[in-house]
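Same chain, two partners: subunit A is paired with subunit B first, then with subunit C.
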Partner chain A sequence: MSVTRSGWQIYISSLVGKAGLILLIFMVVASIYVLATYPLDYGIRVWSNPKSWADNPITVPPTWVDFFTGRDLVTHHITITTTSKGTETIAGLKFKVYELDYDLEEDGFPTYLMIKIYNVSMYSERGVYFVINFTRPDGDEIRLITFAEVPPPNSDLPYIAFSKNEKIIFLSKERSVGFSLLTYINTKYNLNYTIDKLNEINYNKVLFGVPTEEGGDVIWKPLKGVYKINVYMLGEDKDKIAMLKAVFGGESYGFLGTDDNGRDLAQGLLFGFPVALAIGFFTSIVTTAIGASLGIISGYKGGRVDEIIQRISDVVYNFPFLPIIILIVFIISRMPGFPRLLAIFGAIVALGWPGLTILIRSMVLSLKQSQFIEAAKAIGASDRRIMFKHIFPNLAPFIFAQMIFFTPGAILAEAALSFLGLGDPNIPTWGQIIEESFRAGAALNGWWWWVLPPGLLIMLAAITFVFIALGLEPIVNPKLQER
Partner chain B sequence: MIILGVPRYLGVKAFNLMLVLLGVLLLTAILFGATGLSDKILRAIISEEVRGYRAQLSQQKGLTPEEINHLVEEYKKNLEIEYGLDKPWYVRLPDMIRRIVILDLGTSKHMTSFTGSNQIRDIIVERVPYTVMLMTTAVLIVFAIGLGFGTWLSTKVGSLWDRGLSFFASISYATPTWWLALLLILIFSYYLDILPYGGLLSPNPPKEFLPRLLDMMYHAILPIMTLVLALSGSAIYIYRSILVSTATEDFVTVARAKGLPENLVLRRYIIRPSLHPILTNLVLGLAGSLTGAILTETVFNWPGMGRLYYEAILNIDEPLILALTYVFTLIYVAARFILEILYIVVDPRVTVE
Partner chain C sequence: MVKNILEVKDLYLYYKTYKGIVQAVDGISFNIPEGQTLGIVGESGCGKSSTANTIIRLLPKNTYKYEGSIKLDGEEITTIPMDEFRRTIRWRKVAMVFQGAMNSLNPVLKVGFQVAEPLIVHLGMDKNEALDRAKQVFEKIGLTPAFLDRYPHELSGGMRQRIVIAMAMIMNPQLLILDEPTSALDVSIQAQIMNLLKSLKKEYNLSMIFITHDIALASDISDLLAVMYAGEIVEYGPIEEVLLNPQHPYAQKLIASIPRLREDKEPEFLPGNPPGLINPPKGCRFASRCPYRFEKCSEAPGLVWINGNHYVKCHLYSEGK
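Coming up: the complex of A and B.
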């Protein structure tokens, strides 16, 4: 006689069982982290809000691709200052000076240069006057742009400008910057560029580079070193800028790159963990509950109830899954305000139950003949008591395994529906992220970081439950233990 | 033991499949009725006809604008009664089902057929062959691969290859088909640049038949490869399991004991009796290939019904989605019926009376 092993021992002794459990723990930990650190309305408040991503470079790969490209890509950099460095007198006028530093270490050009000015308090109706200068590592100082800001007539002082919307100046695109740069390069490097010729090459190359001659052509090479942006402000003594921000666009960003809205993909994909787990768990629990109860009732009660349940489950079981589920989700989501994910959940449940009902019914039919059921009947136990206390416990392990086995299907179905454009654009599920990448033509443009990771995560989630189901199989199906 | 004759057997199967079709029709008609979408479709059909009538009237001379308005109003009212818009949706249920069956669902707002018609029926009918072509090719290849590798692996139970297969099958099951399609585009179209991104033909397709066909086949490589990769993992796994369970039967042991050549044992004593469960799995695989075809067509812009689904969803085209669901169910039911006929061929018990 062999020693009877507990279900847990059998489960944990199998390789797939262990792997599945480890993956599940990983997914649960990631989900807990997200629930603890992300706001609950993350989708609407952050993910779908363009303001939260305005500073980011669009469709750039992760930073670690440096490892493969053989050249260090320029990393994204933001410099912020809230205090003035001091004052400086130019031509008898006293300017407040704000300085923003940037150290270009990589062998490349920042993809753009942008400056943002927040909340400027003005104590005089004459307003303020700004001069933005750019100092390069070679010591040259270029005046990029000048502009004035005046409070609207009859406004209360101090007036706060750029409070609702910050002032954004795209220095690497601004036309007047172009003219400043044109004068600078034509005098310093003896080039005879026209403004059109300058517009052809990006300003950022001129800002952060030096021209070299190669076979009669002018090639711009990046210039490493420390750059300074100096913002001079002329106004009253009390006038000040609350915050200044300079954004040096990177050629790469974060752990998983960005999409075409500049969204940090790592952040969105992390948010997908609890969503995928929730969809997988809830759909499989509800589907299994419905499927199993109907199967037990159908098998135990027999007669007309059995007939009706079997007819319906047979018809629904033979529905072509995807076309019907597309139709259901599509119609439900036409109702305004109805949460899309709930519609997907409902549709998967509505189509998912019959398989289990048919299986459970056949098991109940044979169980019904066993002596302990007859004994329970003989002592006058009610139908409900027999179904709950005698039949269900016998089938519980099998039902549990079926529930696990259904989970990857639910996760994959949700992803497929989201991919077809039936998901909720405000909630970053993995399927939703791939759908957006598909619409933006990510695969055609070679933006692999937007295509591969979400798909791999869907696979990871599905395989987790496949492994757990495989690990449970020998426990539920004792015949397999002999091998 | 109950032995049914061929007509009786097929009759029962056909009845069951008709029930499925009827179930789908009832479900769709109720969904569209209860949500008011069927009203919307009918109103669209009516307003189309009313517009035609008005155009026709305004060409006739001697009618004042008031008279035209009056006549049009009258005509519209008659149409509404004719189409049953004055009655609640559940009374109109049979009529709605009839409309779906004959695809009389009006016109599409945004899409036209390749020939320029915007009738739902025209748009769908011309796309059917492309989907059927993609699906049947993939199903046949998967069947061949599944049976070939399944047979080979069934002779190597417990080997490294065998264990590798169950791993491959799990991975293949967990891989979203549409994502696999994107992956293949990235590899073969973007990086290797040897296969087209999608579509049916090149931008300037050849006019002659044979080069045109070759061009189409060239474009079909990636979609078919996607479907085959997505479906073959589980197919090999299932066919192998079926063959292994037959191989442990007593009659196989007896055949071997008689000293029959292994080749013959495999062919006549293992594969032949396994064909019945294998066909059953082909039926189940059909549903998978249908799902796969919808998603694959979407990714590769293959002009079949699957791609049409995606476009209809993006354009919120209710009648088109309704019609597509029906036609997909029809194709599914038809394919199931063909397989039922194949059952008769492989299972002699059915033909014996």
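Coming up: the complex of A and C.
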């Protein structure tokens, strides 16, 4: 209320104030973006659902590490087709052909090759027969795998296969692909490998590379160029595949890499913005409201009310924060169906209010002696009116600054609790992501992109509010204004 | 004969402190006829402000004894329950201007709102309507309505004091208590405020209690004068009689202490200090400093009526001296 125009000028003229405001705007914009584009149940529906990340490479660094590695890492690539290229007659049999292209531009091997077949409709009891061929830039065509799909007996036609669960063929792992490759390298390069030896080198190196000899050892070098995967389907004319997807696993992924479930960390961390802001704001608003109200009541009413409020504050104030909060959250989170984030929120509020209550009470004690409060009493104003119309405006700037100061504390407390495994695994908060990285041993494995960004973001959020509070300090504390 | 707007009889107000019981107001009695002003003078700590607080019932938490009779316009107000008193008497019938205008205004609220607030609290008016009324009162006391939107720190001391008076006048009270309304102001502003009070008194036939330690100022506006000493009224009467013909030795000394311009006379002063109000002397409280002290002074004196509405609390005038 007393933060007047000049107060705003004081705030914006300070460097920390400006920096804090810019950071806050950034956080708010990120949050708005998330709220506008993410589904509300993002955590359960997307983040914690392994299906939504099945195509992604696991624990790969961000794409921009190319700058530092000296070699372009193979980017993740997905090719999708829904239409057939045409038909081809082989040995008198008419095959429908689907083609999936891939251009290998980087000097490396895709980490895996996977093909997914969705919704195949069949119009005959004989079913369909698939042949998957692989064409390399050097013109070689390898028959990777063949398989048949038959409709179950007594089912109505057209029978739809792979509708609930798509057919996933891990071409770079599939054993029959291995045997095809053995034949291929035997005839082409005259290399006599066993299947175990091939497993050792990985199929993808054979698929996407050529062998060279260096000092008696065979080294596989990547072969750049356009690769084609042809899926031949033998069946009735009307039979068709609704969608085909080929996934060429990358060595890097997205802006912030992936975790051990293949989850896009950039997405999860972005979702952390509104969550952090919400936790910070809600806990600080509720905590400050409770703390300030009790402080004003305690200071103004005095007597037994004061005694009771102050003794309770003393007790709560001296609770060891983390152990008690762990206990509270642990107990609450045992209740079925109770959202854990709400438990954390409640626990921070329950333990956070007494500091402000004690502080505000002491300020009210001196304020209530002032003549204008006596005057307010004299005009017949009720206690409640005096407390909230006369005393509160005098403390409002201070209370507001305290609220801002409390915000990073709340964000850090949530991160700490999540790190300790008390968070909600279904909501990707920054603390939660750090906890998962810790559990997966990210630090030991050198998966820095999983550990550092959430840590830095928590720091950024805390710094934002500390900057704002520092910028507000000269307004709230007039003694600093003269400097 | 005009009716009495205020009749105070045997009023007591004791505070309890950790040192003992403070007898701040010890059995005082006085009347104020309608439209007249009572000046209460006395040195610091003699119970002037406590008297005012007792009438408007702003009692501190440590009140030990609150007794006696206060009749406002014939109605006994000491027995009214606190909540009803707050709603029906305070500010509606009795308003007060506090010591030091600088501190009577809330620094973070606009003065217009503060002046209008009694209307909101008592009449349940909405804010705009109340501000309209405040505007009218502002005009009456010679402030431009533009000041409604100012904060107290933007105004001078004199303006602030006017605003505090406006705040007191907004409910048209029957009795206005002024507790040293001019003590923090310079002399020219003081004169302005006094003129304002005089015009209000005339215009509204307002009864006032004017508390000050400045006898000259009290004489300017008062019709009656009460001299307080150590929690008691030692002399009370029409102002001319008390000033020109003081009877109580303390009143005599007090009036003699006023410096005079044309007389070649040193102002007198009283040696010694007033007694503490915790365990004051049993008899006359002025006895230890009184030049006319005699044996009987160890007994508490009663009220001695000189004539009509003039009394003194001294053994010198009691019968059988």
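Throughout what follows, the second predicted complex is superposed on the first by the 478 of 483 C-alpha atoms of A that agree within 3 Å, B and C clash if a C-alpha of one lies under 4 Å from a C-alpha of the other, contacts with A are read in each partner's own complex, and residues count from 1 in each chain.
The working rule: a residue touches a chain if its C-beta (ideal position, glycine included) is under 8 Å from a C-beta of that chain, and two chains touch if they have at least 3 such contacts.
Computed from a predicted model, the values in this text were never measured in an experiment.
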| query | Since both structures carry subunit A, what do subunit B and subunit C do when superposed there: clash or fit? | reply | fit
| Following superposition on chain A: angle at subunit A, subunit B versus subunit C, Cα, nearest 10° | 60
| request: Please work out whether A:Ile458 is in contact with subunit B alone, subunit C alone, both, or neither, and reply first, second, both or neither. | output: first
| request: Give one of first, second, both or neither to describe whether A:Asn318 is in contact with subunit B, with subunit C, with both, or with none. | output: first
| query | Between subunit B (first) and subunit C (second), which, if any, makes contact with A:Arg334: first, second, both or neither? | reply | first
| remark: The chain contacting more residues of subunit A, comparing subunit B with subunit C, is B
| request: Would you sort A:Arg263 into first (subunit B), second (subunit C), both or neither based on which partner it touches? | output: neither
| message | Touch test for A:Ser370: subunit B only (first), subunit C only (second), both, or neither? | response | second
| query | What is the contact status of A:Lys245 with respect to subunit B (first) and subunit C (second): first, second, both, or neither? | reply | neither
| note | Smallest inter-chain Cα gap (subunit B/subunit C, superposed on A) in whole Å equals 15
| remark: Overlap of the subunit B and subunit C interfaces on subunit A comprises residues none
| request: Give every residue of subunit C touching subunit A within the complex, in rising order. | output: 56, 58, 61, 86-87, 90-92, 95-96, 98-100, 103-109, 117-118, 121-122, 164, 167
| note | Residue positions on subunit B within touch of subunit A in the complex are 16-17, 19-20, 23-24, 27-28, 31-32, 35, 37, 170-171, 173-179, 182-183, 185-186, 189-191, 197, 287, 290-291, 294-295, 298-299, 309-310, 313-314, 316, 318, 321-322, 324-325, 328-329, 332, 336
| note | subunit B partner, complex, touching residues on subunit A are 311, 314-316, 318-324, 326-328, 330-331, 334-335, 408, 412, 415-416, 419-422, 431, 434, 437-438, 442-446, 448, 451-452, 454-455, 458-459, 462-463, 466-467, 470
| remark: subunit A contacts subunit C in the complex at 1-2, 302-303, 370-382, 385, 389-390, 393-394, 396
